[in-house]
Amino acid sequence: MRHLGAEITALVPGECEIQVPFREELTQQHGYFHAGVTAAIADSASGYAAYGLMPANSTVLTVEYKINLVAPAAGELLIARARVLRSGKTLKICAADVFVVKEGNETLCATTLSTIMAMQDRSDIAAGS
Amino acid sequence: MRHLGAEITALVPGECEIQVPFREELTQQHGYFHAGVTAAIADSASGYAAYGLMPANSTVLTVEYKINLVAPAAGELLIARARVLRSGKTLKICAADVFVVKEGNETLCATTLSTIMAMQDRSDIAAGS
Amino acid sequence: MRHLGAEITALVPGECEIQVPFREELTQQHGYFHAGVTAAIADSASGYAAYGLMPANSTVLTVEYKINLVAPAAGELLIARARVLRSGKTLKICAADVFVVKEGNETLCATTLSTIMAMQDRSDIAAGS
Amino acid sequence: MRHLGAEITALVPGECEIQVPFREELTQQHGYFHAGVTAAIADSASGYAAYGLMPANSTVLTVEYKINLVAPAAGELLIARARVLRSGKTLKICAADVFVVKEGNETLCATTLSTIMAMQDRSDIAAGS
């Protein structure tokens, strides 16, 4: 996230917003934000949203996500807004929308649905989910 | 892709392999390859696999993908292998597996299913898919 | 849909609601609505929502969907509400939520993201999407 | 499954095959197998494949799946073949392919990726996953 210049701009249990300002290195061939950046901040925002509903000492693991890229991410700022749809003991189901801001106007450029797992300790990760 | 140090290591119409050697900058907090890298090379390999089955002058657009992260990407090399499952005129459906290589052994760390669109010219992108 | 006893209860271009009252034949072993019913009405509602934004003589084709089943569908009525998130010329991206109603209270039991294709004539289907 | 006339035709731990012969009631408007049937047998085959790798007294819960419908399911028989890609303690990640058989020839008509949860007892279901 640091590498991308991403910043958490809002965070409450079950919700998170992450922003990334435009930088040349984050673009693909047409000068838009790269889809990899879009997916990465949607995933991170979902993870933080879920983490806020987990017990202390939990580790967050993204089990899977699905992303629809619905419009080119052409603009000066990318904003991911994630929320937990369902908070189970082991699994949190999250949705995130990613908007691109161009001259002050937000456009939806991607949307994700993801499954996040709360791991109680690191040894579980080694053993597999 | 260049940014990640990724390299196409095999390419025939309908199939593509991409490799990324380990680098400190590509890791998350536990020293594994970051999930964003895994997703990005699976997506790129799928796009190249699909592109080989499209008419000249096509532009490749990832409509959506779903990824399951099935094991930590702990190792010295990441390999994405993509293949086109179904090649329609407008849409190509692709599957990709990502393996991590540790001391010579390959382990499946992620698998994706994606929908790739062939765009005939750039103006279509502006108009929306 | 008829087979399931499903009914369209709201329909405007880009949005659709479908309801299915409880019936013994639609349940799984615990007496909840079967996940297949949940998925089927979410898919149908998405298709109708998309169809309302297509030119006349279009055929609707579900390219793919992803569903998260977030709670048991225990109740007397199932309601799917779908909306088009992005309406491209060829593809419509839709989200649908499915709620189960028990003693008057709605609970989210599933959510989907789907890609719907507008086909201009039947011959396209035979030739592949 | 009984309702659909579906039958388990192969079952070993981690793998399952389910078949459904053609019946008028399982079709959509063009006389093909309905997508709901395709999705249902892919989901069931995945669940049984996963179940074979779980401890006794486990309950199988489909957390989520993604399906790509890649060709019309036109034929006399539908076959779903599922396998577990990754068997964690809590979660099993499964892939399933669905083939339609027409005059003896198999064609891939759908493919799924799913996340299946092993629940140790029923009370967990009530409490949420």
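Order of writing sets the chain letters: A, B, C and D. Residues in each chain are counted from 1.
The definition used in the following text is that contacts are C-beta pairs under 8 Å (C-beta built on N, C-alpha and C of every residue); 3 or more make two chains touch, one makes a residue touch a chain.
Keep in mind that what you see is a predicted model, and the values were worked out from it rather than measured.
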Label of the chain whose CA centroid is most distant from the centroid of chain B: C
A-D or A-C, whichever has more C-beta pairs in contact: A-D
Centre-to-centre distance between chain B and chain A (centres being mean Cα positions), rounded to whole Å: 19
Length of the line joining the C-alpha centres of chain A and chain D, rounded to whole Å: 30
Where chain A and chain C are represented by their mean Cα positions, the distance between them in whole Å: 26
Set of chain A residues in contact with two or more other chains: 63-64, 66, 68, 70-71, 86, 93, 113, 115, 128-129
Residues of chain B defined as touching chain C within the complex: 63-64, 66, 86-91, 93, 113, 115, 117, 124, 127-129
Complex interface listing, chain D residues touching chain C: 3, 25, 30, 35-36, 39-40, 43, 61-72, 125-126, 128-129
Touching residues on chain B, where the partner in the complex is chain D: 66, 68, 70-71, 85-86, 93, 95, 108, 111, 113, 115
